[in-house]
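In what comes next, subunit A is part of two complexes: it sits with subunit B in the first one and with subunit C in the second one.
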Partner chain A sequence: MAGLVFKNVYKIYPGDVEAVKEFNLEVKDKEFVVFVGPSGCGKSTTLRMLAGLEEISKGEIYIGDTLVNDVPPKDRDIAMVFQNYALYPHMTVYDNMAFALKLKKYPKDEINTRITEAAKILGIEEYLDRKPKALSGGQKQRVALGRAIVRDPQVFLMDEPLSNLDAKLRVQTRAEIIKLHERLETTFIYVTHDQTEAMTMGDRIVIMKDGVIQQVDTPQNVYQNPANVFVAGFIGSPQMNFMEGVLISEGDNYSIKIDDIRLNISKEVGKGLANKGYLNKAIIIGIRPEHIYNETRKTQIELNGFVELIEMLGSEKYVYIKLGKYQLISIIDSDINIENHKDIKIYFDERKLHFFDKDTELAIK
Partner chain B sequence: MKANTDIKNNQNNKALKASGKRKLNDLFWGYLLILPTVLGLAVFYIAAFFQNLYYSFTNLGAFGKYKWVGMENYINVFSDPKVPQALINTVKFTVISVPISIIISLFIATLLNSKIKGLSLYRTLYFLPAVTMPAAIAMMWKWLYNGQYGLLNQLLAKVGIEGQAWIADPKFAMGALIVVGIWSSLGMKIIYFLAGLQGIPKAYYEAATIDGAGPIRQFFSITLPSLTPTIFFVMITSLIGALQMFDLIFLMISKTSLAVDSTMSIVYLFYKYAFEFQEKGYASAISIVLFMIILVITAIQLKLQKKWVNY
Partner chain C sequence: MKEISSNKKRMQINKIIIHLLLILGAIITIIPFVWMILTSFKTLGESTIIPPTIFPKQMQWENYKEAMRTLPYGKFYFNTIVYTMLTTIGQIVFCSMAGYAFARIDFKGKNFIFVLILSVLMVPGQIFLIPQFMIMKKLGLLNSITALVLPGLFSAYGTFLMRQFYMGIPKELEEAARLDGCNHFTIFWKIMTPLVKPGIAALAITACLYCWNSLMWPLIVNTSIDKMTLSAGLSTLSGQHGTNFPVAMAGTVLAVWPMIVLFAIFQKHFVEGMASTGSKS
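Coming up: the complex of A and B.
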């Protein structure tokens, strides 16, 4: 068990392609940290640098107190679970799990004990004599986890381990990995492109884009206080609605003008924005779908929209509402009756609005 | 209600007929497109095989007239002292050249699969023998091996070793042929192994690296087991090829050479009887015996592969 430190880590590929830039992060011992971002954001590359499968172009990575830049992968005391499991196809499940231990010259009894124990945790005892091709995707996934567990590593690395599973199994395995983390009390670094996985699994989430960290925080904070437009849009599904407007004031009354629509906001909020120099300047307004209300929950900002489409999801429905030139998605309870292709009054709560600088796209705090 | 179902049935029948027609049409085009290959196979392989089988029971000679002689040719095959000699030569060639060529080509393929400078140049160089005409290969090696002015002997002389008449001396001729056989078959084998190597997922090696396996351990624990289907394929095809060895001997060993007997393969013997002695019926029997040998060996291999080939 050990914490991790990334100090100014870069990955530069030939041709000056910077896959990871200025990556700084401290991971506490026993923490579950998720790297998330769209494909090509550098999350897997960072994980692979940590594993020793990619060279670190610049910067330093520490596992515990050891600088591991020049330490070969096998001596980093890590275990990795791969996206396609990477189980050795010609070895039985048992031999797959024993491989690393045999190489480390563990005594046979010790190997046996560890494998039996791991197999029990994962419920794969009956498959130990099978070869990987005789296993289902979910079973292979467990074996891959088992192969990592038996090594009792300081850090668990997982590279999109659930992406080859079907939706149902993914949800189930997700919960199992969370439980596994609690049970093993080891540091987990988990890479995914799926924001739901990131939100549900991580103690903290590292959101990346174009090789750069956008925000590092707990799932709740990332959701409630996104650092910029990218994070706000990436985390949450359906994604946050964005509109562009200008902050104006008439005496003590503040409002945001979105084309010919006006959002009247309180003096407090208006002044706050004005004090940061945003008066008469363009800003981006964000609002999450669940914060666009209807007649059943009237709040201070009232607007007139038009229902363009309703998607029924069972317990809730997505209502697509035209507001000026924008199309907003609102999540509402499926019991509430909304008529399609009709005008609708919608309500915003200003405390739920997010404001971003139009140029930097950073959140205005 | 009944009328309704009738209409439905009618429609179903029509649909069935239409789909049946389309199927027929598809079949027609399918068969038409494979016709050239099928014809070629039928005439030059399948018909030829059965004709050969038939001839092996006759006393067919140089000219048309022949009669049925039953098992006589086969009885002669087993009493002909030339046959065991040719069989031993063929087996010697096969048993030595096949494993060595597999090991060498696998080794070279592994090197060519790594990231080295000038990779495509090396790949081209190693593949060249495979696209060179056997006659050209034989001629070149004949020169190299030449006892008086061959390059090999000149090089040997430089390090103080006395040269030999490599392909004229019965002691060395088979070895010399084996070397050429191995050399000329490397290109194709390397290509097969390269394709096999590139089909092994990189993640296996990454997992093994983290597990602590070095390059040699990775080769034996991952590369080799993953490559067994390719090794099996290469082994079967090269065994069959080696057992049918003919062109190199024909081109490199002159008919009057002392080394003829010690290099005579089964197929060469067949050729000799069929086209030099004009005993086509007897020659056919020899070729059928070789066919049976290859059949049995391949069947055994197919059976054994379950024990060592990982699919």
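Coming up: the complex of A and C.
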């Protein structure tokens, strides 16, 4: 078991392509950290540098107290689960799991004990004699996990391990991996492009874009206090609604002018923004879909919109509302009756509004 | 409905045409082979008669006895089998290793060296006969099985074939193996090579066929009848003052049957080998 430290890590490919820039992160022992971001953001590259499958162009990576920059993958005491499982097709499940231990010359009994134990945890005891091609996707993924478990590594690395599974199995395996982490009490680094996986699994989430860390925090903090427009938009589904407006004041009354629409805000919030130099300046206003209310929950900011489309999802509805030139998505309870193609009064709670600097796109705090 | 049925008809006609062409091709290919077998049972007179007869008037099994009396077939079979086996094993070992290196290891000048090896495929093999003969002579290896085997231990075609197979293996398997503690050799030996068995089978069959049928090199490098292979030995049946065709054909039938059996058994791998070099990038 060990913590990890990334110190100013860079990955630069030939032609000066910077895949990862200035990556600084400390992962505590036994922590479950998820790297999340769109494809090409450098999350997998960072994981692969940690695994030793990619060279580190600049910076230092420590596993425990050991600097591992020049340590070959096999000596890093890590195990990795790949997206496409990477099981050896010509070996049985047992041999796949035993392979690394055999190479390390573990005694036969020890190998057997470890495999039996791991197989029991994952419920794959009956498949041990099968070859990977005789297994389903979910079973293969369990074997891949088993292969990692038997090695009893200091750190588990997982590179999009659920991407090849169907939706139902993904949810099921997701829960199993969380339980596995609790049971094994080992450091987990998990890479995904799926924000739901990141939110549900991680103790902390590292959100990346263009090779740069955007925010590192707990799922709740990332959701409630996104550091910038990218994070605000990336985390949450459907994504946060954004509008552009200008903060204006008439005496002690503050409001945000979004084209022809006035969004009246309280003196405290208005003053707070004005004090930070945003008076008469353009800002980005963000509001999450579940925070756009209707007649059933009136709050201080009232606006007139037009319902363009309603999507029924069973327990809830997505209502697409036209507000000025913007289209907002609101999530409402499916029991609430909203008429399509009709005007609608919508309500915002100013405490649920997010403000971002228009130029830097950073959250105004 | 009418359109669908006319489409179906057109497809059927196309199928018939394709099959007719394939049958024609097969007939053209098989005629010399059938002719060889039929001639091997004719008398010398019948074999040269004009217009020729197709089926022998009387089966001349004597021709086979004669062929076996004239030439030391036991020695020829032994030499050919040793030559074929050693060359095939050599090609499997060296071509798999080279193919693996070209497919999976990054090193300086890799592409240049690979193109250089491929260029061997683009020149006729006869060009190498004289230099190879000179080398064998300098090494004092003429008239030996070693001389037969040495130049064929490595093949550009085999390297190319194996490279294609190794390239088809997902990178993650190699990475998983590295994390499991493998070095390049264990990855090659324990992970990759078991997965390219169809490629090895294809290479083995091609190498076997090539060696078994090879004529020029065995004929040049070994002149002693004791060290001759089947094909080289058979060529001695065509004399300066005329050839006994039925006996020569009987000798040829004796020489080719092992390869026909081999091809029949491993046909699938042979076709796979041919197809993979053409279709995989």
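Going forward, the second predicted complex is superposed on the first by the 365 of 365 C-alpha atoms of A that agree within 3 Å, B and C clash if a C-alpha of one lies under 4 Å from a C-alpha of the other, contacts with A are read in each partner's own complex, and residues count from 1 in each chain.
The rule we apply is simple: a residue touches a chain if its C-beta (ideal position, glycine included) is under 8 Å from a C-beta of that chain, and two chains touch if they have at least 3 such contacts.
All of these numbers come straight from a predicted model, not from anything done at the bench.
After superposition onto subunit A, the modelled positions of subunit B and subunit C overlap sterically. Of the two partner chains placed by superposition, subunit B and subunit C are both touched by A:A100.
By the touch criterion defined above, A:Y88 lies against subunit B and subunit C together after alignment on the C-alpha atoms of chain A. Of the two partner chains, both subunit B and subunit C are touched by A:M80.
In the overlay built on the shared chain, the residue A:A51 is in contact with subunit B and with subunit C. Counting contacts by the rule stated earlier, residues 51-53, 72-74, 78-80, 82-84, 86, 88-90, 99-100, 103-104, 147 of subunit A appear in both its interface with subunit B and its interface with subunit C. Residues 51-53, 72-74, 78-80, 82-84, 86-90, 99-100, 103-104, 147 of subunit A are the ones touching subunit C in the complex.
Across the complex, subunit C meets subunit A through its residues 170, 172-173, 175-182, 186, 191, 194-195. Every residue of subunit A that touches subunit B in the complex is listed here, in rising order: 51-53, 72-74, 78-80, 82-84, 86, 88-90, 99-100, 103-104, 147. Subunit B meets subunit A in the complex at residues 201, 203-204, 206-213, 217, 221-222, 225-226, 228, 310.
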